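As written, the chain order gives the labels A, B, C, D and E, with residue 1 at the start of each chain.
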């Protein structure tokens, strides 16, 4: 019983991380129709830049070292995302495949440069003790606090995204842009700038995920491909461009991974893909995707 | 007329390449170029051809082609005699290789069926996800695929009393296979199936309205591409003396796309041009730049090609030719 | 106010606009013509939604050619597109919030709700929950609320019930008083001739003729020749 | 022989083709005056790049020390790198041999690559491949190649003595084993279990696919189990992930570790895992602190050369393995005075006969499969000089590839795998 | 009693809150020429697409020669005898004119899925050439469609719709974008169609629709508002109201 509860809780905390990362992917895809194959790369950039800021502060035993790393990671990813859109992608708007190819090229180069600059040693962030210890959870017992924090952050991200999309002018622009980019421009909205803003926002979410993820799991090369794939699968399962769908997709994938690991460890990874193919067969647009 | 002559010269060059290399290079380097640059480029060109076929004539950018090629490679490795570890074993190459082609064709059909309702970037995403799912399965399954280590010692058959991996035998077998498949693609695209496939590329709704089943043709196209990729996969597996999950991982999967794009997705020849460029870079990156930073180098080449000439080297060539032609035109 | 000079638009080999020149002054100009003659392309070209290959568009002397749609919009042009193109994800009220900029302009959200009470009733409803007529009203309101120098309307009467059409004509007639120019593309001859003082007839990518609205309204022969229909078949 | 080559070229092909058909890849012999071409192959791309970089550090250091000269001949060192994938390693090895004309390859780094190169070496005549740091048992145990030599020990050997220590000294009768689901951990777990189960210990196995980064479910199960100790056989990123999450989940069990767990790549990383790692016992071919003058001298040299150029506080396992294998090559080259003629036959005989002390002070010699028989250290992680260090506290001498079992009996156990983890109970 | 070629009963189609087609019922008898008129947005094309099977009706039944086809897919309906054109030209731009026609001809032949190239005496290819001749495209057979003019595309479009010898031909605004000079040719082509073919024509332009039709259906806001012979259409006050707006100054009231 308590083992089952722990595994479900593990699945949900993992889902929280996946949601944070994939929501950025989904957002960018939803408005820009860009399959950002460099999404995992943004995760890496956030992790490594954040770590560069975090490390000396942590050595100096500053309590806000982690928060500084978090902020640096988010900013780095947002800037990288905005640059990607501004410099490379904006002038080939509408050429979806070409954009996907460009992001593939960028991801190859950046991953290699990250290796050149930071080396291949795995790293990991350490959150302040307040959120890094262990907390008693009913039915589960002692449970890593940070994993609970992850859920909290994911919920906060979900609510914040909902508020941004539904209660702000930017959100109206984003939703209108998903419906009809041309008409949005004809309404006097600077669509290229909204595009850069969306890219920055999506990348910032990925950056948030990057630092959170690199606190829960090691930060190393290879995580870029992993989180790109997870984002793909989550978004395919949940539905392209739907935030609620992304949440559902993340929960399914996270639970599948953890339950799979407990029950048939060898094939835990496969379960995820089985779910994906099943969804594709029954509902190609994803669970909450628009046809 | 001129282009026909060009083509004939090109074919002749390819056939004579091993001899020509001996003229300009020391023998061991000529052998190396024959097998490990040209031969390897042809083998990976075949795999890239399967993608170029789908992309050029169907408009499908599939990232599953390396995985499909790998399925054929694994089929051979699992079946043949002498592979380590022995999983099924005992099957001669003459039988294992056709079975492998069937496996790859079926795998292609399966990918086609899974992705049949998606297009464009959705298709790209879904084929990538399917390919990575198979990759992870192969990597974790010991019973059939020997997991992370893969299957070794797939040395290939004896051909004309000679070892298959003899550079010349390998080169000419690959060349003949590539030529057959290339010719087959050019033949196929003028058949009703090929024309309908191009119709689907241009306008799938209209194809349906004319009485064709779009799904059937799409899935069949993936089957054909699977067959092509399978041929490449079998050759690649023998070339590599075995196969491991790394062969069908994210890197190689993207590499096939890179080859096709560098060469140009507008024409099946682009696959081979792209794979040759890629192979040369891959082999001599250490001399050109710095071995360690090979990925930066190839990434930059890829990015520049995508930015400058979306239709790759083939497109660049066409554009240059029309530019030259335009300049030459006023003279007579 | 708006001046279009020798405008050409090509899609590949297709030459859609073959040198269109029009001028819209303070009074509304209507353009009529059969389907497929390039009327909608003209609207899109002025708005910057399609690229012109030759020619110039200026608004009160400011060149608009080559500008992006949002820049054209900010220069003072608003478009009511064909097919309405409201945003399904936005509620009625959000449509208005999206474009409403200033409080003290001629058109405010309050005035929109006064003018189109039906929209006020449905202010919380999403774009997909509106009927065709309601969507059309919303598209018009969206354009007016931008308080542009010039409104381009591409078949605003499409899908409207007759009583609403009458109301629409009433609204369009007030625009001149607000200092707004109007370029009206219509199939409905009555709307065109009642709102505009001059009507241009478009045939295969060119302006065939421009004539006073009352002349066109009365001349069944011209109607038949250019439009394929004529008012009152019994003469 | 050079003249022959020229004449072949003059004959424009036919003779060359004939030669090519005769042997898969004809190998021209090398003139005595030319330098010996040593190809180095390691992993400088992808996730394993750190180990590969460190490996080349010691190789460069040792070649500098002898001024790139051995037995009167110059050594030309040609660097190549793979990304830890077998087919990439193979392509690079082919380039080294066929394009760059390398006489000897030193490499590769990882298990699957090693097996691929072993297979490739079989097709060569007059060329030799000497292992870098790859540690799969089968590379030399089953179906060995006459052209492949390994002076470093394999993953199974590295666990020698550990099972006995846990059972007899720690008095633990039941352990939980968490390990990566691929060949290298199989070999290590196999080595541990062979001893531990023979003594009567019980093992519960938890496998995790390579690349697992969230061990939550597994740790929950382990912490609830009755095991008296936890054996961790993960490496690299997976290892760091496991240790961090284990520490966070409040794990309390005594820790036993595989060889690449108790390593400076792990100990140099910051974090809570270091707290639980102190006191952890492991087995392996090296330790940071070994009470041996040769080792102290080697570490000192490494530090002087590399500490300011990105090196670790003490050389990593890959660095030591590459150095050991390089020493084997140098030793043999010295013995034959750099003579690689006659298809390297004399050189290969000298390699097979080489006996020397590894940088760690361990004695090295080869068995009939050209696989090292060497000493293995039992290590403990201790806090020394304000940092965590791996300290050797015992040594198993002359451990062979079958852990002392008769070869036939050992081979009869079958190759290590998930389903064959070496836990054979005494009957 | 003859079975209608096409019979619609209470066909409706909605998109969200938008009722694009509302309760449409009519019969088209074999050999009949029917024109469907109406302003933009009246639901003509939606009705067309519903009949051709691009999407199912939200309600109602459609039968073709007495056979219920409401749930049949587009290609099945084609095989049952519907041939159609599209409002915006949907041709295969990357293929030649001949290949476009060839695909269209083969779509209704047995063995339409084939990996073999057509032989020299292939009947489908011969028929494609005949069609090219018939629609004045003979000099252009080797030209890629992307290089054709608008008028040539419309010709090809109709040629392709006729390629399968449909029993029911549905043309969606064939005159759209044609220059006045091209119109008589179109009309002549429509008149030349054999009576074995039933024709439904969406047209905006009365000059084409009225001479071509036996009977005219006028739609507005998704509903059928008038059904009458062509000579009664221009006078019809509802039609005038729709097209010109009621109470137009010059109108005949």
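In this text, a contact is a pair of C-beta atoms (placed from the backbone, for glycine too) under 8 Å apart; a residue touches a chain by one contact, two chains touch by 3 or more.
Just so we're clear, the structure is a prediction, and the values are computed from it rather than from any experiment.
Visitor: Chains touching subunit A and subunit C alike, please list them.
Guide: Under the touch definition, subunit A and subunit C have no mutual neighbours whatsoever.
Visitor: Note down the smallest number of touching-chain steps it takes to go from subunit C to subunit D.
Guide: The fewest steps needed to get from subunit C to subunit D is 2.
Visitor: In terms of CA centroid distance, which chain is the most far removed from subunit E?
Guide: Greatest centre separation from subunit E goes to chain D.
Visitor: Relative to subunit B, which chain's C-alpha centre is the most remote?
Guide: Farthest chain from subunit B, going by C-alpha centroids: C.
Visitor: Between subunit D and subunit E, what is the gap in Å from one C-alpha centre to the other?
Guide: 74
Visitor: Mind checking the centre-to-centre distance between subunit A and subunit E? Centres are C-alpha means, answer in whole Å.
Guide: The computed centroid separation for subunit A versus subunit E comes out at 49 Å.
Visitor: Based only on mean CA positions, could you tell me how far subunit A sits from subunit D in angstrom?
Guide: 37
Visitor: Which residue numbers or ranges of subunit C touch two or more of the other chains?
Guide: 88
Visitor: Counting only residues that touch at least 2 other chains, which ones in subunit E make the list?
Guide: In subunit E, no residue touches two or more other chains.
Visitor: In subunit B, what residues contact two or more other chains?
Guide: 136, 140, 142, 292, 294-295
Visitor: Chain pairs in touch?
Guide: A-B, A-C, A-D, B-D, B-E, C-E
Visitor: Within their complex, state which residues of subunit B touch subunit D.
Guide: Checking each residue of subunit B against subunit D gives 18-19, 22-23, 26-33, 35-36, 40, 84-85, 136, 139-140, 142, 147-150, 152-153, 162-163, 165-169, 236, 240-244, 246-247, 249, 251, 282-283, 286, 291-292, 294-295.
Visitor: For subunit D, which residues are in contact with subunit A within the complex?
Guide: Listed in rising order, the residues are 45-51, 53, 181, 206-209, 211-218, 220-221, 224, 236-237, 240-241, 244-245, 248-250, 265, 268-272, 310, 418.
Visitor: What residues on subunit D touch subunit B, complex-wise?
Guide: Residues in contact with subunit B: 5, 8-9, 12-13, 16-17, 19-21, 24-28, 44-45, 49, 79-81, 83-88, 90-91, 94-95, 98-99, 101, 111-112, 115-116, 119-120, 123, 136, 138, 142-143, 181-183, 209-210, 415, 417-419.
Visitor: Quick check: in the complex, which residue numbers of subunit E touch subunit C?
Guide: 15-19, 39-42, 146-150, 173, 175-180, 204-208, 221, 234-235, 240-241, 243-253
Visitor: Okay, in this complex, where on subunit A does subunit D touch?
Guide: 2-3, 6-7, 10, 13-14, 55, 58, 112, 115, 119-124, 126, 132, 134, 142-144, 146-147, 216-218, 220-223, 226, 257-259, 261-262, 265-266, 268-269
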